[in-house]
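Attaching a single structure in structure tokens format; questions to follow.
Note that the chains take the letters A, B, C, D and E in the order they are written out, and that residue 1 is the start of every chain.
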């Protein structure tokens, strides 16, 4: 018990004694704020569950997600030990769902790696440099912004070939402009802040200022946007899957599963609906999480 | 040798119909070790002069020499940053919200190629009256006065000769203001610094400076010693008006 | 005699993550037809006191008091409808910063006329005339033009005067002025104070003047309450400020650098934890 | 002037990117024309007829020149001029997206305002839930289920397509928007039928834009409601209604218009899946099908139209901003 | 509910590009064309098995040497414009098809017609007589079968030439307009949306019961089913097996099965060293779960069929030598030089049933030890790769172009020059780099055999060999399951040989 209290005290110390303690303390403070937000916690819990499901899929799955059994197709949930029924090729939906979680998380990670980063780099450079650099980069952003998103993604996929990586790449390539805009707007306000002037006066160059001082401040608003957008991204990936350009069979990607199952929606509703619910759950989790993060990271919108 | 010499400095902002002349043909010099004040109403161009010196304003004209180094445009040499530092008006805006005091100070030292950072940080914090306990705090864990001390510590980190002070206490309570003013006075006598300080509070200028320029609409109305100010020994009516209203508001 | 305002044991609390935070911790005071100054350092609860009187603390903040009356009428439990009649009409407040306190997308005229017509059945044109008169009274030149301006088009000093004019338009009996001059230049500051002084004297209002500048308050008010950490630590007649005893008050007085009386070192407040815990001094009369 | 230049550059860039995507695609536009059984000689003839033998930059130049003359080329999939095709399919999407946005605004804005005013109460939670669901349900799933329930089982609305088969061609087009045209022509039966067809897909789209609009409205309103001028308004003794609508809401109009314009643009370009499910002959499904058939002229044409609309909406909200916000003058 | 004199059909018609019979080559286009354009000879929709019979030509004669066919035109056929149909129109239409040289033109040019010789080889000697001169004495049935294809449609020469632009022989105009003598004319076409056909007012035959036919483009099977259940359409043409199963018990709706000519096959690129080993291909053929697929996701819509000629075609082989037999498959693989089977990529276009088949192949071939990857793409993408001979395994469908056995023999079993330079991209055998000089000879011999019985035997033999040695694994033949209102009678989708005929439908 005392170990626990002392850890807490250590974390919440008014006067941290080391860099590590300061950093952990700051994290802990945010965590406390976050924890008090019930809905956000719900989101986090769902997400953690999904991640656990993805990690332990081999343990949790009752069947091989790819094993077909044409004699056992389109079984209703619960029949013959298939918890969530089987699909049109007689594969166990529950097991596929578990493995599908891996793909969804993979998508999320991949997009989260590419789009916001690209947006961050472009937006902060444009915002900080100003002048014609800004002009050129922002025109580029406008062009991609004016582009119909799904269509651009479709075009990319059509060009690169169908498949989950390409789908994600395509989505990322279409998703960065809003991030660039946010990052730029944020940079414009930060750039004239006194603490940036101060560091300039210390002799720091633009690269250092952008990466060390501006990025950390843009990241929180980007992170909020990313989590809120994540649902949209998963849905876009699913949409590409629906159009047949996302994950390829026999991959148990949820969007592709819906797409496969939609043929049967009138008689075997669960085949499409269960992955639909899974997508709903993960999007919901991200949305709740994003809302919560906004309260934590962006006090001006959340506060009382 | 003068620490700062300025000749015919002009600053324009905006363009076309929005063109404003923020500073209009300003000349002055500040001797080594002197403390020079800039007073005047809001928008008269006080801060702009400091920012021009610091290299934060693009496109000014005129001549400025700082510690023998002639300044151009926004470019400032490494040596300049070592010699000249600035403290800003708003302690809430002048610290990076995501960086600990430690990080702020150590980065400033790193940039100047200073070694032995740990020991120096401890000493700096002591110098500005904070103590080592504050080293790993984030700005939001500090009061306004404490933040301003951190900002001063940051400015002192490269061991400069000249400090530019832009209303360093106007965002603070009187009680805290007193602490900061005392600190600045102590540092000057200990380290032999040169100050250029902006304030609209004549009391503050009077406390810290030996000489002050009165500004109006981007121009120097008058430059006079603090003693002359006290005696209301002025030539310009604007200066007199400023001094009178300031004295009246206090008493 | 019933007081204009009578407050006993007023508390304003905010729930926070680390328990409830008490911004105002049980203060008592009364206000007659006089000028009461409330001074204290930043965060001492001055503004919250002012807002609490008008019941403008937004949830989850909470106001409690043993008594909070105006003219002997309870304000604490009055209906929201009743409060709307009180606000503006009987008790009004000038906010700290004109830049943020005026609606940016409405003209000055619209906002002033609205203030008046909320409480009085007057025609628009009549309300406009009254607004003009009022602007004139607060020494605004060319008031016709000012009525058509948007807030961003007026300077800080003008904005503050407009605020004053607007709040005085429905002729309230009580005015709370929350640091009405701290955002202004010295020269403009004086002007604004002069105007307020004149109006208060002429109209015989009760005034609560909030500021952190002890000297200013002493010069301007009849009575002073010094706040520290949500409590009143000392109260005295303005004229008797020289006899103040509380070290906090003394500290505030001596911390100010003075052009005429230079000192080598300024006095620095040594905050005593006991100040925080000492019971609130009543400013009731 | 500057604005015009910006628009021109953006559109040209848009053209260029689309064009390049079309050309670097590893699929062969010639095949799309001639089909599976063609001989090599037929292939070569078509290759030259399509101008594919010229250098890329020349092809692009020719294309831009044609577009400036309003000629988007011929669709190899429908055999008709792309401009003609777009004129046919665009009104369908426009009608759908407009109705969707309208419903979204009418429901979303008040919901967002109320949620902000009653922050933390059940209505706020409800709004949040409605929004979250809107953000999280795949549209194609909702569309199919909606069709099943409201058309298949309940029979409350008409099925896929824009108009019942027997009503087709009864109303001479004026604007191309069936709801408007039928009213202009005074044909109430056609109007009813068209409405019955459009209401379900429009509602489904509306749900998504409502989710977005209400969420943004709420957060804008929260920001305004905590500002000082709102307190000032309260100090004046204004009623809550006036405080909320006359003061706070007035201040978010500009931001709101931007958001609505964005939502509208999103529906115009993003209703592809809905269009497919509801057999709605709109521009989204037009471009998609064209893309899958590698009919690049149609894709380019459609993309430019949508891009131009996007840019147009941006300019429109910019202009409105200048008009509505005194600070911008 | 639909009006009694109107037929409303839901179908996928996004492949229609043109109505010009000289150019039209898609399924949905053929459906329109058959009802708009009459041909010299044609099939009777109510008796498809009888083969072609007279239509615009009332009779024909073959010359002694078998290279000249003389048609005598029938009376009473009138174009929608009111112009009577004459031999001149037939001459114009057939010459036009050759001269325009669009994709389907090979159906005619394989008889030796060229742009240079049409003036002599396709000649109307008078208004009543048309003479075709062939370069070889082809089997009569072969020639006449070809004339029943869409490209054999006779257009109104006067109307068409009135709409000529830049010497295009009215091609531009005919893409969106029709000028035929068939029972219907196209009144309105909205690409991707609908085709509306009205009666040809001057139609010479019996007045059809359906005065108006509307084909609506509905992509989703579920949607088609809902519309059918609600009575908003009369016929649903793209129902999935599950939706068919769901409709079987629905009141007022019936399902009509019809065997079509479309085959589903996989083929192995012989440029791939492993796949060039006949034993490997044999193993793959044994490792395919034909019946399993036909009984599950293809249920009712495909029947197992393993020869390149579809059933009902002359000489179609009914033998199904391959079954799903893992032991035989493994044995065959063991005999091959690739006992542990390397990686295989299946190219498949994005379409649900093909994806299902591909996944099943992936599954069962996987059990052989093969590492199977699916390469999914749009139609154009996969086709592109196929034509460039870059695939490993191509999973495809093939529909006959005209109702003669040569249509499939000429592509599955004909590839005289297998070099890359030959560029015979139209030939399936070439696409799979399968060089077969001898089999090509046999295929050529079969088209000039005028004795129908002998010709049948030739094709049977050809298929028997093909089944065993070819890199083609033919798996299924399509059964079209159309859902329709109970009262709809005489809906004939066209069998294996032709397209739909609306004019005989009643309801």
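Everything that follows uses one rule, which is that a residue touches a chain if its C-beta (ideal position, glycine included) is under 8 Å from a C-beta of that chain, and two chains touch if they have at least 3 such contacts.
Owing to the predicted nature of the structure, the values given are computational and were not obtained by experimental measurement.
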{"item": "Any chain in contact with chain D as well as chain E", "value": "A"}
{"item": "Higher-contact pair (C-beta pairs counted), A-E versus A-D", "value": "A-D"}
{"item": "Approximate Å spacing (C-alpha centroids) for the pair chain B, chain E", "value": "87"}
{"item": "Geometric centre distance via CA averages, chain D-chain A, whole Å", "value": "25"}
{"item": "Distance between chain centroids, defined by C-alpha means - chain C, chain D (Å)", "value": "52"}
{"item": "Geometric centre distance via CA averages, chain C-chain B, whole Å", "value": "33"}
{"item": "Chain E, residues touching no fewer than two other chains", "value": "220, 222, 226, 350, 378, 381"}
{"item": "Where chain A touches two or more other chains at once, by residue number", "value": "158, 161, 262, 265-266"}
{"item": "Residue list for chain C, restricted to those that touch at least two other chains", "value": "58-59"}
{"item": "Contact set on chain B toward chain A in their complex", "value": "51, 54-56, 76, 78, 81-82, 84-86, 88-90, 93-98, 100, 102-103, 107-108, 111-112, 133-134, 136-138, 141, 151, 154-155, 157-158"}
{"item": "Chain C residues touching chain D - in the complex, by the definition given at the top", "value": "51, 54, 56, 58-59, 80, 84-89, 92-93, 95-97, 100-107, 114-115, 118-119, 150, 152-153, 163, 166-167, 170"}
{"item": "Chain B partner contacts - residues on chain C that touch it in the complex", "value": "41-42, 156, 185-187, 189-190, 193, 212-216, 219, 251-252, 255-260, 262-269"}
{"item": "Touch list for chain A against partner chain D, complex", "value": "39, 139-140, 142-152, 154-156, 158-159, 161, 228, 231-232, 235, 238-239, 242-243, 255, 258-259, 262, 265-266, 272-273, 276, 279-281, 283-284, 287-288, 291, 300-301, 303"}
{"item": "Chain B - residues contacting chain C, complex", "value": "41-42, 144, 173-179, 181-182, 185, 200-207, 229-230, 241-243, 245-251"}
